[in-house]
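Pasting a structure here, questions to come.
A, B, C, D, E, F, G and H label the chains in the order they appear, each numbered from 1.
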Amino acid sequence: MDQDKLLALFEQIKKGEVSPTEALDQFKNLPFKDLDFVKIDSHRLFRKQLGEVIYSQNKKMKQLITIYNHMKELNQPKIIFTRITPKKAHQLMEMDNQLIYNEKARILYKAEIKVQQPGQIAVVTAGTTDIPVAEEAACIAEIMGNKVKRFFDCGVAGIHRLFGIYDDLVSSNVIVCAAGMEGALPSVVSGLVDVPIIALPTAIGYGANFKGVSALLTMINSCSPGIAVVNIDNGFGAGYMAGIINMRRK
Amino acid sequence: MDQDKLLALFEQIKKGEVSPTEALDQFKNLPFKDLDFVKIDSHRLFRKQLGEVIYSQNKKMKQLITIYNHMKELNQPKIIFTRITPKKAHQLMEMDNQLIYNEKARILYKAEIKVQQPGQIAVVTAGTTDIPVAEEAACIAEIMGNKVKRFFDCGVAGIHRLFGIYDDLVSSNVIVCAAGMEGALPSVVSGLVDVPIIALPTAIGYGANFKGVSALLTMINSCSPGIAVVNIDNGFGAGYMAGIINMRRK
Amino acid sequence: MDQDKLLALFEQIKKGEVSPTEALDQFKNLPFKDLDFVKIDSHRLFRKQLGEVIYSQNKKMKQLITIYNHMKELNQPKIIFTRITPKKAHQLMEMDNQLIYNEKARILYKAEIKVQQPGQIAVVTAGTTDIPVAEEAACIAEIMGNKVKRFFDCGVAGIHRLFGIYDDLVSSNVIVCAAGMEGALPSVVSGLVDVPIIALPTAIGYGANFKGVSALLTMINSCSPGIAVVNIDNGFGAGYMAGIINMRRK
Amino acid sequence: MDQDKLLALFEQIKKGEVSPTEALDQFKNLPFKDLDFVKIDSHRLFRKQLGEVIYSQNKKMKQLITIYNHMKELNQPKIIFTRITPKKAHQLMEMDNQLIYNEKARILYKAEIKVQQPGQIAVVTAGTTDIPVAEEAACIAEIMGNKVKRFFDCGVAGIHRLFGIYDDLVSSNVIVCAAGMEGALPSVVSGLVDVPIIALPTAIGYGANFKGVSALLTMINSCSPGIAVVNIDNGFGAGYMAGIINMRRK
Amino acid sequence: MDQDKLLALFEQIKKGEVSPTEALDQFKNLPFKDLDFVKIDSHRLFRKQLGEVIYSQNKKMKQLITIYNHMKELNQPKIIFTRITPKKAHQLMEMDNQLIYNEKARILYKAEIKVQQPGQIAVVTAGTTDIPVAEEAACIAEIMGNKVKRFFDCGVAGIHRLFGIYDDLVSSNVIVCAAGMEGALPSVVSGLVDVPIIALPTAIGYGANFKGVSALLTMINSCSPGIAVVNIDNGFGAGYMAGIINMRRK
Amino acid sequence: MDQDKLLALFEQIKKGEVSPTEALDQFKNLPFKDLDFVKIDSHRLFRKQLGEVIYSQNKKMKQLITIYNHMKELNQPKIIFTRITPKKAHQLMEMDNQLIYNEKARILYKAEIKVQQPGQIAVVTAGTTDIPVAEEAACIAEIMGNKVKRFFDCGVAGIHRLFGIYDDLVSSNVIVCAAGMEGALPSVVSGLVDVPIIALPTAIGYGANFKGVSALLTMINSCSPGIAVVNIDNGFGAGYMAGIINMRRK
Amino acid sequence: MDQDKLLALFEQIKKGEVSPTEALDQFKNLPFKDLDFVKIDSHRLFRKQLGEVIYSQNKKMKQLITIYNHMKELNQPKIIFTRITPKKAHQLMEMDNQLIYNEKARILYKAEIKVQQPGQIAVVTAGTTDIPVAEEAACIAEIMGNKVKRFFDCGVAGIHRLFGIYDDLVSSNVIVCAAGMEGALPSVVSGLVDVPIIALPTAIGYGANFKGVSALLTMINSCSPGIAVVNIDNGFGAGYMAGIINMRRK
Amino acid sequence: MDQDKLLALFEQIKKGEVSPTEALDQFKNLPFKDLDFVKIDSHRLFRKQLGEVIYSQNKKMKQLITIYNHMKELNQPKIIFTRITPKKAHQLMEMDNQLIYNEKARILYKAEIKVQQPGQIAVVTAGTTDIPVAEEAACIAEIMGNKVKRFFDCGVAGIHRLFGIYDDLVSSNVIVCAAGMEGALPSVVSGLVDVPIIALPTAIGYGANFKGVSALLTMINSCSPGIAVVNIDNGFGAGYMAGIINMRRK
């Protein structure tokens, strides 16, 4: 049932040719394929706050420029390019001086970073090599308007480093925990505090690590509750998940 | 927007309080969450022909009886219980003498088997142990109204057996090919005829067969085109897929 | 440094034999192995609210009774037995009429279920066979003091069922999404609402499902953000994670 | 029994030295190794319509030229090079101006694309990165003489996009559904329409996606019937399978 | 082209209506589907010597009796039931006192064991738990008419045991080497002698052995040449392979 | 060269028919197959101390009795049955009152447990369900003559429990660390002390734990050095390895 | 017991200080560690015929030259470099004009190829891309002195091609069967002839082929007996195994 | 409780405002988060002896220089760069002539190699390609102050090579056994001597070797006790583990 038919029906109601009850019956039997013109719910607040996100890995410069121009035309207020190389980022920055590049996170964005939420997100890594993925999570959460505190290189090989950040961990609304190798950090942190933990396995390791699979399995199998896991190296996903947990409305 | 509001709106149109154009605008902005009462498209012919299907494996007799009674109340014209043991099947048959049991296929059904389609489906197996799964496929396709021909025990170890059924294979609209062990049969059949083949791996085998995974991989990797694969032991899925291919309307 | 030595030190301070500054220096150099007697942080609110949790699968009746008696002696106000069979549950209930059995969830507990949090948790399942695991999640979250709404059998094969519960989904603080087979439900729900989703794969399926691994992989790989995953059939973990997300303090 | 012997036998029949019945007996006992000279069934219509197909990935320019020249000598009316780079394609196009290059599909072909079948094939993708593989499927089906309609970027993250193409989906004879990441699209489409679906997993994804394995498993395990699966990135296979389903003769 | 048509053609040749050369042309163009009546090569000596082999695992007594009776009717001179339990074997032996049961090998057979080949096959196992599978191999090779020598419990944990059987190993035509756990025995034997080795992994082991997969991988990856591998626990296959290597005709 | 030939050679030397230098030349060219009669080095102290070890899982009572009687005849001073059920153990104990059963460890042995080594082995478990496997390790090490201290239920979920045993850990010569689930304990212990750790994964867990594989991978991938791993549930192997490390002679 | 001691003993025998019987007793108790000077059996005919084999993949030119020079000094009559690139091969050929390069097989060798065995080895491939690996097998077998016949591109997609080579297959002593993709060729060939088949999986394929693993599994699981398998792409191993089967001495 | 509060408390004790017993009570209830200022145990002898270790693979020259300078400032007496390329090593050596490069081991270090332990470590490899990983183990153990003996190229294909080094093996305190391909060497060595073996799988191999996984599985599954395994190519870990076993204090 397209718009024209719908309008015609309403005209018929107006003219009294179809009674309101009969019209209702017709509606009840509408197959959902006719609902194309109905708008999907537009109250998707968080994604709107984040703006459009472009996963840039393996995209060519030419493609990125096309996408950028398209979004400029749409007057998209916020734009985020994830996994973008310094070289490509700088080329786009020459086209628009409002673009900001977080090199560690490999994120290029056009957005004001301003804390809009009362709570705090902690982003913790086991080693220094986990930082790029963790920084991606942190940066995304910040763009969404969250307050983020970073604690890097706190892995189980130096577990005492966790003691010094205990206060920050326990007072966060959610913790992102990035670890490669054996990926034991989320289990240990979860043994210390009752804060929801987004476990973020990284592909750091070699041999039977299987590019992060070992870390992912460790995290999925944690015997300590309060942990949920995202994909290997999915810093964007971890940051977004932490963000919407922290931005809870009720 | 629930039914009451909709009826109220129609009354307003009738009374001239809201013009048809204004009403249309209101509709255009309806979020889809309000569409609950709209019926999903009911022209799903094939599934209707098949009736309700109950996967009975691991269901207790008590649960099966509850389901059966529920469907009887709904006057469901066709009922199919798949993966049902002889013992449970016979208990249900005592409650309803219209139920028919295909023991090989482990299917209990209430439906008239009558060919309603011009084309033919061939169901071929590599060995005799693949028969229950293949028979499940055949029986489902028959209940849907398809003509099915069975050719069992034609595996690669006795590849010449395929010669004798060549005419039947080449004149079918679709072939279901069930095989366990190394699962090479669909590749061989596909090398002979240009008929679409639904490859149906079975869990027959041992050791590095991994309960049918080896057969599934062989079929997915076939270098001969015209093959698509369903899950291990998914006789129901293969039969249904073959059925809707054969029942093509245009 | 044990208690006796510490007391002796304090006596020395009192007597003026050791100055407070000198005592501080001694403390700064304490190796952590001497800290055994120091209590671990006791502000672990949520776990305290949950009480002691006993994973009862494969535990014998005798073991369960020993554990129960031990906790009774400790005057443990809340006790939770997860994955406990009806038979064993009823035996324990005969010993203590305050124990309540949620048969669907396979949880036996001694606790008052009372909503203590403003927000709401939605627990959604793809099929009816996913209910025990989902109910385990729901029951745990309720015992923790959360308001939980259940929506079962909303899988992708009948995706329109999600329309009717849209309002409930979008107004929840967190959604637990249980699915077996191909496990696509969390992706679909995440495509509709911006609420954090705890994806809970179940071992429902056969063949290349690998006892839930396929569902787990689907969920981990979701292209829709706002999803984090727990272990296969880990209803307890999903419920606990959803609970602490909803119970956020700031 | 080679041709000379056969001719000799016929001469014997002619001369009356061997009776027709005796000759028949000799034939009945021919071991099949003597049948080399007998032609394989030549009624393989679809493959003939497709012509010769050359999988060009990893083939060197020199090899491709040799193959091209060989087919030219054979006066092969149709030639198809799949997975061919623009550079190599253009070099061959300089040799033969009848060659056409579909860059998106990475297919170079010499064939007239003309619809010869009444039905329609829909090719749907979850994301934009799935397009090359989907376009390969579409192009192959078109070269075979099928009418193909493309619907790209309709993944579960934006599931409402499927509503707008419902009419096209439900009126197709077969749907090719390409998806990477978690690969949930075929399940969702199958939940909407009763059309046979060829699920085409793509290697798009990272981490626990395992280069498309996760998508493949999702599709194989779909709880919604009417889906069969081809190999990861096997656009050619999906297009061919869809083509022969649509070209059904009876 | 069926027999009737063929006979008719021969009659035409006889009558001179079709010349021998024209008949030959017709033959050259016969599609192979018409060759159903032509017998497959019957010179399959080894399999004939082995007779009919019935894999009895998971077959019910009733099925085994049906198969036995069927073969008796066909006057099958040799019958072999593999993987048959003592209980079932003895029931069949009561029906036919020519049946012999090798309990270690789990083989019931009706055949005279008589060495018909000059060479020798050595069957070696790593441990005592590998014996049933190895004995299956040995028994099959003997039934085929080979001379077999058994050397059990010679694994790498006691590698010196191999010294005592060196002469027998080096003078065999082929060695079957059965091993579970880490499966290193074939590598070690292959480092000592230049005799072809059929490596036979067994499912003996636990944990990361994965029911024989570890042993299989060890054997497939052997850095010592002269080894080829059969499936886990495939004693029948190893024995048959060794048998036909030893029975080489030229 | 067998004994007779060797004796003959010596007679020839004695008679002066062969010079000592000529005899040496003959020896240098002996193929090693002739060395069968030479005894393997008998200085295998530890295994001798351990006596004969019988892996009893899946062995029938009848087999165990045969083995026991055989060893009694050989006057074997020490006998160890591992993985033996209480029922079978008690039956053997009725035959020989010197046999001792460690039920937790599932070990039946005839040996005096007496510390013969100066150092200490610590056996630590993550949970209570890991105890049977850990106890097997402890019991084996004790039978070998080592001093063993047990520390059970110290997993990462309650990491502070490690503080209380720090002194014992750091003063051990070797630590056996048993853990199931995510298996993070060895990493954590290794982060605290510089003692060699034998990591012992157990099959405790469910879902993506894959019967201990996840724990094994965690341990193999540990980023903290000083860890080496044995097979899942291989308590015997861990205990033996710890024993020979502690029994170092130099 | 080193040479000096042995010589001293012989002197003692000569002098009558030790009787031959006493000397024998001393010998019987020699631990095998003293046997270092005893030569290993030198009757390893086949490997001697093959000469020294150097796996050249990933070896640098400098390393290859060092190895070559070393073997030249040893007057090694036969040398074989496998997996060597044309460039490196030609550099070595400039140093020694007796070196011959088989480019297809990627083998550089110094040896006269001369048939020294009565029997024949058939080397069959499924596709053209399997040729390098198959040619490696063929070339190795030829260098060993075997007669080899090659039959390339006979895969299941064109199964009738096997008919024309039936006579050659059935009269071979052993068949090497190389196949990638789904790897079904060995099963099919084994269904036709009773000749031992060395199945040689190749890494040809993509997606769920897992670089040859799918082909390997197909071959290991073959339901047709008379097949044993070597590692993926192990042309050398397949050729060597076929060679020693054909070179059987008795 | 921070330092200031602690100092204040001590002042109170001094002044008699708080009794020593009351002070003790306050301490007993300290949550551990207040212990940040307490120093972790500093008696980590071995790691101190090793100094700081930098895993240099994939680190850029610039990063390595930063790290080097940082450690120079700290006056770190020992520095070890593992997995460092010759080019990068030489650049650092130009900055500090005390740095020594072990090219085979790919280790750059500043440390005096001096044996400080009585016992001996044997490092054995199966092939020559395993040497870099084995040399890494040997070099690390030497830097720690251990005596190391190397025995390379002793794999199972030439098992007799082990005879010549038997005395060295049996008199070592610990053996590091590196092997790729099928990884059988540790099993064989363990069958000969009762010395603890650190099995070190290497990624040498191809096809079903899965980059060392096959070797790792072989080692984990060894039926010969006295073996524990480290990660694939983890020479550093194997050397460190062997070192601390040999450096046992009691």
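To be clear about the criterion, a residue touches a chain if its C-beta (ideal position, glycine included) is under 8 Å from a C-beta of that chain, and two chains touch if they have at least 3 such contacts.
Predicted model, so just to flag it, every value in this text is computed and none were measured.
Both subunit E and subunit G are touched by B, D, F, H.
When the C-beta pairs in contact are tallied for D-E and for E-H, the bigger tally goes to E-H. Sharing over half of its contact pairs with E-G by residue number, the repeated interface among F-G, A-C or A-H is A-C. Chain centres here are Cα averages; for subunit G and subunit H they lie 39 Å apart. Separating the CA-averaged centres of subunit B and subunit G is a span of 50 Å. Contacts with at least two other chains are made by residues 32-33, 35, 40-41, 43, 160, 166, 170, 192, 207-209, 213, 216, 220-221, 231 of subunit A.
Contact annotation for chain pairs lists A-B, A-C, A-D, A-F, A-H, B-C, B-D, B-E, B-G, C-D, C-F, C-H, D-E, D-G, E-F, E-G, E-H, F-G, F-H, G-H, with touch applied as defined.
Taken together, the subunit B residues at the contact with subunit C in this complex read 32-33, 35-36, 40, 201, 203, 211-213, 216, 231-234. Against subunit B, in their complex, subunit C makes its touches with residues 160, 163-164, 166-167, 170, 206-209. Listed in rising order, the residues of subunit G touching subunit E in the complex are 32, 41, 43-47, 118-120, 160, 166, 170-171, 173-174, 192-196, 198-199, 216, 220-221, 225-231, 236-238, 240-241, 244-246, 248-250.
Put simply, subunit F touches subunit G in their complex at residues 3, 6-7, 10-11, 13-14, 16, 19-21, 23-24, 27-33, 35, 37-43.
Those residues of subunit G that touch subunit B in the shared complex are 126-127, 155-159, 180-184, 187-188, 190-192, 205, 207-210, 213-215, 217-224.
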